[in-house]
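To start, the structure itself, in C-alpha cells.
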Amino acid sequence: MPKLIAIIAGAGPGTGSAVALRFAQVYPVVVLSRSQSSLDPLVRDIKQNGGHALSIPTDVTSSSSMNSTMDRIKAEFGSDMSVAAAVYNVASKFMKKPFLEQSQDEFLGSLEPSIKGAFNFAQATLPFMLNQHQGQYPPTFIFTGATAAIKGGSGLSAFAMSKFGIRAMSQSLAREFGPKGVHVSHAIIDGIIDTEKTKAFSQDVPDSKIDPKWIAESYWFLHTQPRTSFTHEIDLRPYSETW
Amino acid sequence: MPKLIAIIAGAGPGTGSAVALRFAQVYPVVVLSRSQSSLDPLVRDIKQNGGHALSIPTDVTSSSSMNSTMDRIKAEFGSDMSVAAAVYNVASKFMKKPFLEQSQDEFLGSLEPSIKGAFNFAQATLPFMLNQHQGQYPPTFIFTGATAAIKGGSGLSAFAMSKFGIRAMSQSLAREFGPKGVHVSHAIIDGIIDTEKTKAFSQDVPDSKIDPKWIAESYWFLHTQPRTSFTHEIDLRPYSETW
Amino acid sequence: MPKLIAIIAGAGPGTGSAVALRFAQVYPVVVLSRSQSSLDPLVRDIKQNGGHALSIPTDVTSSSSMNSTMDRIKAEFGSDMSVAAAVYNVASKFMKKPFLEQSQDEFLGSLEPSIKGAFNFAQATLPFMLNQHQGQYPPTFIFTGATAAIKGGSGLSAFAMSKFGIRAMSQSLAREFGPKGVHVSHAIIDGIIDTEKTKAFSQDVPDSKIDPKWIAESYWFLHTQPRTSFTHEIDLRPYSETW
Amino acid sequence: MPKLIAIIAGAGPGTGSAVALRFAQVYPVVVLSRSQSSLDPLVRDIKQNGGHALSIPTDVTSSSSMNSTMDRIKAEFGSDMSVAAAVYNVASKFMKKPFLEQSQDEFLGSLEPSIKGAFNFAQATLPFMLNQHQGQYPPTFIFTGATAAIKGGSGLSAFAMSKFGIRAMSQSLAREFGPKGVHVSHAIIDGIIDTEKTKAFSQDVPDSKIDPKWIAESYWFLHTQPRTSFTHEIDLRPYSETW
C-alpha cells in the first residue's frame, strides 16, 4: 500500500522540531534543514517516541538540492507515496537595520528562503498531495508566517517583504489547490517563541512566550479539519502580548 | 467544589447546537435561545450523549432577561460557579435589500443582537470567567462572525455593521481580557453552514457546506489552547468556496 | 436651474468646520450640529470668505429632526436641489473605560451617532445625490473614520464598534451606490487633530497634529475624482505618528 | 540654487507617462524605462507642454544600470540636487498560470522588478529626498500597487508576491522615513487602466477603465499633502468595478 508521509522544511530546534514530533505521532516524517547536525537530535527524539524519521540535509533555496531530496524520499517511501502534510517553516533571516545601510546582497539574500525556497518546496511537494489515494485527513500545506506578514516596520523591508510574500503565496495556493482538496494554511506567529535561544527573554512575565508544542498542536488541528471546514489563517500569540 | 460550566447563546439548530453538544462532552452546558421549543431537542441530544444541559429561554438583547438568566444559572450551579467557555452565536437578522428601502426600525432591529445582545452577554459572563479558580483550560469567549465582518456589501449595511461590530468588540475584549488570562476569539464563518434549512443549497458540489460539527470542533480546539498560544481569529470555509 | 449644495453633518469646530469652509468655496453649504451656537462662528467665517451657508441645529440621531432639516433645506434651495457632497463627520462619543464598568446606557448611547445618525443622514441625503442633473463632479458621500475603524482596543469596545460600523456602512454604500455614480469614501483619521481643544497636546514635536484644513483638502480632492477613478479609502496621519 | 526634480521609474505608456506629464508641470522630470523608444514620445509630450524632461534608458533591476543613471542625473542637475518626488511604477510581469507549470526562472524573473528594482530605485533616490533643502512640498515616494497587493489568487503566486512585497516595502519605508519628513505612499490600482493596450476591453460600460491622468492627479495630490497630514495608502477604481 502506498505510503503517506509528512515533510517539514526548516526542522531546526523550536517550531520545526515540535511540528515534526507532533506529526510523527501519526506519519513517518521527513525532516529537512541545512545541516545534518541540527537534525540529529530531532531524529533521536522522534525515534524515542516511537516514530519514524528520515533526515535529509537540504538547501531548499536550491532546486537541485530540493530535487535530490525528493529522489531520496521516493527511494525510501516509493514513488507512489503521498504527502499528507507539508510544512514550510524555513526562517527568513531576520534583519533590522536602516534601509540605506543594507547592501543589495544582504537584502536579496534574506529573501531567498521565502521566495526561492517556498517556490521549490511547494513545487516539489504539491504533486504528491494531489495524488492522494488514501489518508484520513485532506492533504495539508502549512506556511509559518509572522506579524511582519501583515505589517511592515522601520528597518524591516526585507523581512516584511519575505513574510508578506509567504502570505501572498499561501493565499494564492489556497485559492488554486483548495478546490482540488488540498488544505493550504498560513499561521501568523505573533510573539517570541519559547526556545533555547530565547530563554533569557521575557522571564518576568509567566507564560509570555509561545509554546512551540502548541504551534505544533495548532498545525495538527488544521490538518485534521475536513474539506467542508478549512481554516486558511490563524494567529498565535501569548495572552500577554500587545497587538 | 465550585462548578465550571459552558454557556452558549444562540443555541438553535446548526452551529449553536453543535457547539453545545461538543462542550457538553466536558462541561455542563447552559443553552440560551429565544424560544424553549428550539432548545428542547438539543437538551434531549445532550442528555442522550451523557451530558448535562440547562436550557433557559432568553432574549439576550434585554438586560433584564439576561439578568434573570444569570440568576437562574447561579441558582443551579452556585454563585461561585465559573464560566469555562462562553460562546456568542446569536444571529444578526440577515437583511439584503436596497438601502433606501430599509426602514429605520428594520435597520436598527437587525443590529440589536450584535450590539445590545453581545454587550449584555459579555457583561453577564465575563465576571465569571475572571474568577476562574480551577479549570484545565483558560476561560474562553468565542464570537461567531461571518465574511461580512471584513467586507461590506450592496444592500448589506445593517448586516455588515453588525458583523464588523462583533469583530470590533471581540478585538477590544481580547486586548482587555487577554492579559487577564481570558481567551477571546472571533471566528469568520465564510460559506453556507450545512443545516436542515440549507439542505437544498449547493447539492451538486459534494462537501460544499460547512459542517457545524467542525465549527464546534474548531471552537473546542480554541478552548484547549493554553495562554502561551492563543488564537484570536480563525476563518472556516469549504474547500470549494470562492473567496 | 436646480441648486447644487453640500451638506456637512457634525460641523462643529475642527474637521467639520474646515470641511464646510472648503466646500463653501464652490457650493452653498448646509451645516448641521446639535447646537446653533457651535454653528454661528462657522457661518460667519463662510460668509466672510464669500460663501453661502445655512446652519440648522439638528440631532441626526433623530429621524424627525433630520426630516425637518431636509424640509428646511428644500424650502431654501428648492425640492429639485441636488446634493453634490454629503459629509458625515458626527463624532462617536469617545469612551475608554473598563468594559465591566460601562453601563448599557452609556455603551448604547455612544453608538447612536454612528448607527442611527449615519443611517438617518445617509437615507435623507442619498436620494438627492441620485437625482444629479448637473454638477461638475460626481456626487460624493464621505464618512470620517478613525484608527479604531480597523483595530479594536482595550476599554474601547463601544468606540471601535461605532468606527468599524461606519466603515461597514461606507463599504456597503460604496458597493451599492458606486455603480449608480455616487462616490462613497471613508477616511481613516489616524492621529490627533489640531484644534483648540488639543492645543496642549504634542507641543514638543512640530507639525505632529493633523491639520483639519488638510482633512478638508483631502475630502475636496476625493470629490473632484471622476467616476473612472474613485478612491474609497484614505488614511491621514502626521509624519511623526507611530502606526 | 540646488535643483528639485522628479523621477519616474516605469515611465512607459499609461500610468508612468501620465504621472511624468503631471509632475513635469512643476519639476524637471527624469523618466526611466528599459527602452529609449518608449520614452521618446513622452519626452516630446512633456516638452510640448512646456516642461523639461530627461530620459534615461535604465534597467532598474540592475544596480549598475541604476547607478550610472544616478550619475547621469547628477551630471545634469548637480550632485546637490534634491528629489522632490520619486515614483516607482515598474510593472511586475503579469503571469497567470497553474503553479505547477511555472518554471523557477519565470517565477523568479517576474519578481525581479518588485524586489531588486524597487530596492535599487529606493536606495538610489532616498538619499536625495533626505537632503531636501528647499521645496514647497515634502519629498514624496509613491509605489504603484494593485489589488493583488492585498489578495492572492489562483495561478497568481508570483504576481501576488511581487505586489504584497511592494506593499511591505512601502509600509516599511513609510515607518522609517516618515518621521524624517519623507512621504511614502502606496496606491492600490484596482481595475483596468485605460491605455492603448486596453482599448478593446470593457467598451460596453462607459468610463469603466481607470483614467491614467487621474492616477497622476491622485499622485500629485499626495505630493502636495503637508507632513501634518500624510496619506499612506489610497485605492483607485472605476465606479463600475466589483470589489
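Things to note:
Per-chain numbering from 1; labels A, B, C and D assigned in written order.
By definition in this document, contacts are C-beta pairs under 8 Å (C-beta built on N, C-alpha and C of every residue); 3 or more make two chains touch, one makes a residue touch a chain.
Computed from a prediction, not measured in an experiment: that's the story for all the values here.
Number of steps on the shortest path from chain A to chain C, with steps defined by chain touch: 2. Among the other chains, D has the CA centre that is most remote from the centre of chain B.
Annotation: the chain A:chain B pair of sequence copies touches via predominantly the same residues, more than half of the used numbers being shared.
Work out the mean CA point of chain A and of chain D, and you get 34 Å between them.
Separation between the centroids of chain C and chain D, computed from CA atoms only, is 32 Å.
Mean C-alpha positions place chain B and chain D at a centre distance of 46 Å. Residue numbers of chain C whose C-beta contacts span two or more other chains: 175. Every pair of chains that touch is listed here: A-B, A-D, B-C, C-D.
Within the complex formed with chain D, the residues of chain A that make contact are 63, 98-100, 102, 104, 107-108, 111, 115-116, 119-120, 122-123, 126-127, 148, 151-157, 160-161, 163-165, 167-177.
Residues 138, 175, 178-179, 181, 183, 194, 207-211, 214-215, 217-218, 221, 225-241, 243 of chain A touch chain B in their complex.
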